[in-house]
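The structure follows.
Order of writing sets the chain letters: A, B, C and D. Residues in each chain are counted from 1.
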Amino acid sequence: MPKPKIAFYWCASCGGCDEAIVDLAEDILGVVEAVDIVLWPVAMDFKKKDVEAMPDKSIVATFLNGAIRSSEQEEMAHLLRRKSQFLIAYGACAHLGGIPSLANQFEREQLLRYVYEESPTTVNESKTRPQCSVKNNGHAVTLPELRHVVRSLDQVVEVDYYIPGCPPTPKITKAAVGALLEGRLPPKGSVLAPDTALCEQCPRKSSKPTDLGFTQFKRPHQARLDPELCFLAQGVVCMGPATRGGCEAPCIGGNMPCSGCFGPTSRVRDQGAKMLSSLCANVAGKEEKDINGVLSGIPDPVGTFYRYALARSLLRRKVDLPAPAKQTP
Amino acid sequence: MKYSYFPGCSLKGLGRAYEESLLPVMKHLGVELVELDDWNCCGATAYMSVDEAQAAVLAARNLAIAEQTGPQDLLTPCSACYLVLNKTQHNITDFPDIKTAVHRALGTARMTYSGKTNVRHPLDVLVHDVGLDVIKEKVVRPLKGLKVAPYYGCQVVRPYSTFDDDWNPTTMDQLLATLGAEVIHYPLKTKCCGGSLTGTVPEAGLRLTYILLKEAARRGADVVATICPLCQFNLDAYHDQIERRWGPARVPTVYFTQLMGLAFGFPPRQLGLQRNFVPMKELPTERVAG
Amino acid sequence: MLDTTWQPRIIAFFCNWCTYTAADLAGVSRLKYAPNVRVIRLMCSGRVDPQFLLEALARGADGVLIGGCHLGDCHYVEGNAKTLRRFLMLKRLLADLGVEDQRVRLEWISASEGDRVRSVINEMVDQVRALGPLNLPGRFADWDREMTGLEAQVRAAEPQTAPKAGELTHA
Amino acid sequence: MNSNGNNGDLRIGFYICHCGHNIAGVVDCPAVAQHIAKLPGVVVSRDYKYMCSDPGQELIAQDIREHRLNRVVVASCSPLLHEHTFRNAVAAGGLNPFFFQMVNIREHDSWVHTDVGAATAKAKALAQAAIRRVRFHRALEMTRVPIHPDVLVVGGGITGIHAALTMANGGKKVFLVEREPSIGGHMAKFDKTFPTLDCAACILTPKMSAVRAHENITLWTYSDVVKVEGYVGNYTVTVRRKPRYVKEDLCVGCQECIAACVFKEPKFPDEFNVGLGKRKPIYIPFPQAVPQVVLVDPERCIQVRTGKCKQTCLEACADRQALDFTQKEQLVEIKVGNIILATGFKLFDAKRIPQYGYGLYPNVVTSLELERLVTSSGPTGGEIVLKDGRHPKSVGFILCVGSRDMKTNRWCSRTCCMHSMKLAQLVREHTGADATVFYMDIRAPGKGCEEFYDKSLKEGIQFVRGRVAEVTDWALAPEEEGKLVIRVEDTLAGFVRRIPVDMIVLAVGMEPHADAQEVRRLFNMSCGTEGWFLEKHPKLAPVSTFTDGVFIAGCCQGPKDIPDSIAQAGAAAAEAMALIDKGYIEQEPNTANVMEEHCSGCKSCIPLCPFTAISFDAPSQKARINEALCKGCGTCVAACPSGSIRQNLFEDEEIFGEIEGVLADA
């Protein structure tokens, strides 16, 4: 009897998520034992046409990582959606837009200009830009188009489950795959990780004082960080309180504060807003001047509160950026 | 200390004694006055009653010049000018339509006005900027025993009492006291002098003038000190008519700056005192401070 | 954008003790003001979760007004102080995300200041009207236009293979 | 029975009230009802003339029974006015009262808008919001807070005295705190009272001694409240007792110490006689003072200031040893369930209107100063004299000094007309002088007051209608020489008059105390823009404030005469006693609670609670909210970074529902 078909795919991502799957180490073998991998661009040589050839819903589960920001990624998302019984957003980018979605603060043209012309390491006198379509002795060569907006997977196609993290830890990946194979599945749309904030499992929890009363904020590189003490108690923004647990706090272990990659709990609609709310309410001072003084320690609110979740925040994108001129396939 | 200076028509005409006394006194106190270049009529009360916006334009031109050339503190001795310029300042901020009218008009002359000019009265400057103690030092002939009725008139304190109380102003009282004069309690200090009614409806206007003088006399004032050219003229010029109507009330009326000049030891002629209809008695020599 | 029939829609979060009461007073005093504001009553401005404000904007509000007791007068001692702290950061966040400054406003209005309710609302409605519609739902739709039609093209590009029943397996 | 309301299908009843024309005049109620009827879950949608009427309420109860409604929305007036009414109606229908939501389309819509289209659209939007909101409502119970039986009364004027006595007679323990050395307030300074002309002392003194004698009253004079903590039923108040340098329990009020003071003659201005009389450094405020205890003025007493005095007073006090120069200020903490504020008013400072010459002309006096001159116990033994000792032949009374005046105070001080007429009558009675009253309108609405006005006319008091322009001493005519001249436009005669008089009495108006703002902060209530304490409702709750358990009475709420002040004192006392006798107060169940299973124990919420209701539970490592302490502000709910705190009546989902509904296209 054939093994269930599984696919892995990557879109706008750093590759860390695929790495995370490899990180399952020997356990990967178990997975490989149990399933029949039909698509995994980083590791195996399958082509798009192979997938197109498959009947709809013939893949049991597709683990898609990365945000969606090009016509090609969109296309693959639709394709895999239709071929899979379960489409699983794997990792922060597919889940929330991830770090790539910080690009939603800028106009596409700004980004292209910077990357192909202005960035210090670029030498491009002719200001050559990649074209979507190039005619070459009668043949048209086409490239995918970069979208104006970076999106989470579920902003493009319907998603069944989410596995959070940048990247997801082996532990929750295994748990998820296991659950899938054994059909022990929570309600559709669930995030396959604990629904309690990180602080619960934070090794520094006991060192957190009950009255923070922030008088200043420091960024990690601006302070000698105490390896035992709660980061917030050191005036360093830690997204832990507003971030789903389940990662077992590796960053904290590495003496860096949580930056929120697991996203909000199920009861929160906007991770950044919630963190902002709790953090700022605890700022010391009643005078506007004093308060602003303290808040000035957070120079980049968007990058701080929405590091991984701008695409899935309530505003999604810098709202005054122009909309795409017209529909572009 | 340096101020722009807006004399207005009076100080060049009927009220020239005011300027003749003001300038040396200010100079003596180290206050530099820069006469506004190419100043024009303040518009006075007449124009205001005909076309407020146009009147505002007229006045605003002076404010604009002061703002451009600076200093932006504009010394304005004549009460009428002081009031009109102040009122214009207020109207420009309070009434958008007047503001636009003013800007349009100034624009045609390639001028602008952003409202930075402060209209200041000599009393204000002398008491608050220069300071009574500085003035005291300059007094060489204290006006000892000279009974003075301090008379402010209406326009400087009403409706905008910018630097003093609108019902019972006291800056001139303090100033005169500093000069050594005996300042009498003069409850009419802000009552109407008759204004232009003295010319148009004498029986009404002159009666008011008479009341002022009579009360000053009744309280034994040697002299009435005023800060306004029109007041000075009304109180000084109509004694014959007043006497014919109601009987004598001969008290001389001079500018407070003239009294300052005397106290500073300037000869009366230099202060324009010879221009009075009802001359002020020479300060008896025994009053001269040793 | 120049829709003449467009009317600004502003959501207001008023605290029960001061600003909501002030709005009642404005009513009792029959003061007249612009009908563009819809008030949501909370016990304290401290209850205003920044999510509420963002949600309101995302759902189509052109502006959000928060009203609380004057600092020092909070019925809950200093709930409004917390509101202020959040609001100051929220303003910076919104600025970075391209929301005009005048679209969100925090006002302290005591129970007796019915007239202030009127002036603040009128002023804000004028300002927001001048800014024009924010219309985020519309903008979201515009942004997504770049995706329309793609799925169909994908399907067209494929060899038609109908799914065979039974081939779907599940461990 | 669907009292749990969550039995799957949603069955909403919507009712929009016409409130006569109040709402229907501007909002198209039927249109709103039709619009709402189309929304999912709405089973009945009606418009009705008066929803708060009995039939209106019955309509709701009936529909709940007949249509098995499990949610009710009423669009009418402000919830602050009628929420409880409709909750009761819902309960009467057998549904938990908290499955109800009210929509304010009167105060927030029909009364403030004129455009029917816009107002109707707004009503629809607000109604939609409520329809979406109720979906998430849950069954709740009112919470009960016990009431501490003792009461604090602040202010020992006639109002505070009456309130204290009323409650003490009702068997309640009362703390009466007065900042002056004696109770009695302004009334103690009056000679007679209008319109009956009965002697103020004769009716006040007995009440004052009753206060001193009453077993249920603890009287602390020369003291003030410095701290108030807690909430209705459970206030903790800190009172500061300033040192009198006299042991209250030992002093018998013999006043021998005063006689023995090294200052042979009284030489310091005497507050009680508004500076017209003199007193010594050791003194008793006035003969009938309560308590009958002397006190030492630390500013004046040589012993207190320098410690180098013969202390003849000590010898005089002898073995009673009541004097104690070592006394220090002390702070006392008390627990009370209710507080009544009767802090009164301050008189307008006549110097603020320079044209009336107060402070410039010695014979221009205030009404209170004349009051002291008229009183037999006053500095002149009841003789009305000018500063030079002569008796006035003519006296002018200027009304509305610091009242009904855009430049100073806009309000009418309500008592000055009658007060001045009373003084005018007394002046005529005592001196036979002419009395002329200068008024804008005579306001004599109180019982017997119009009659008193007639009496004044009959007794030959002149009335000149017009606001006095100025008081001056410049004489035009010989008969004006040496007199004060009142310049006024007689608006009945139609010309400007100059009226010379010997004495001028300024009817100074009432103002809130200079520290009214601090006081209201202390007690956590509001002031009107003028600074008078703000009542909860101008008609329906005139002595209540927005802070439960804090009541206001007398002139601190606004100018009043004695009868009205007494009436309010009684009302406030009754309100307080009603709470005490009930023993508890029901409170909105709008408290917050932590979702144990979700809380991560991040502690972010704990410092945010001003009532220390949130604590960290060590065993479970989670936050816990003490609902008894929670006041329901919801600040912690908004702050919980993982959304693990919820607030009854104001759940996140409920608010989001409102936002969605109000913005859903109508």
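Rule of thumb we're sticking to: contacts are C-beta pairs under 8 Å (C-beta built on N, C-alpha and C of every residue); 3 or more make two chains touch, one makes a residue touch a chain.
Because the structure is predicted, anything quoted here is derived from the model rather than measured.
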Open item on the list: With centres defined by CA atoms only, which chain is the most remote from chain B?
Closed with: A
TODO: Between A-C and A-D, flag the pair that has more C-beta pairs in contact.
DONE: A-C
Open item on the list: Centroid from C-alpha atoms only, then distance chain A to chain C, rounded to Å. What do you get?
Closed with: 27
TODO: Give, as an integer number of Å, the spacing between the C-alpha centres of chain D and chain A.
DONE: 58
Open item on the list: Centroid of chain B to centroid of chain D, CA atoms only: how many Å?
Closed with: 50
Task: chain A: positions in contact with at least two other chains - done: 268-269, 274, 277, 279, 281
Task: Junction residues of chain B, two or more chains touched - done: none
Task: Overlap residues in chain C, where contacts from two or more other chains coincide - done: 46, 49-51, 55, 78, 82, 86
Open item on the list: Graph shape for the chains shown, where an edge means the two chains touch. Line, ring, star, complete, or other?
Closed with: other
- [ ] Could you please write down every pair of chains that are in touch?
- [x] A-C, A-D, B-D, C-D
Open item on the list: For a test of understanding, state which residues of chain A touch chain D in their complex under the given definition.
Closed with: 195-200, 205, 208-213, 240-242, 245, 264-265, 267-269, 274-275, 277-279, 281-282
- [ ] Sort out for me which residues of chain D touch chain A in the complex.
- [x] 597-608, 616, 621, 635, 638-644, 652, 656
Open item on the list: Residue numbers of chain B touching chain D in their complex, please.
Closed with: 165, 167-168, 187-188, 211, 215, 218
TODO: Would you pull the chain C residues touching chain D in the complex into a rising list?
DONE: 7, 9, 11, 16-18, 20-21, 23-24, 26-28, 30-33, 35, 38-44, 46-52, 55-56, 59-61, 72-73, 75-79, 82, 86, 110-113, 118
Task: chain A to chain C touching residues, read off their complex - done: 1-5, 34-35, 52-58, 60, 71, 74-75, 78-79, 82, 85, 105, 147-149, 155-156, 181-183, 268-270, 272-274, 276-277, 279-281, 283, 285-286, 288, 291-292, 295, 298, 300-302, 305, 313-321, 323-324, 326-329
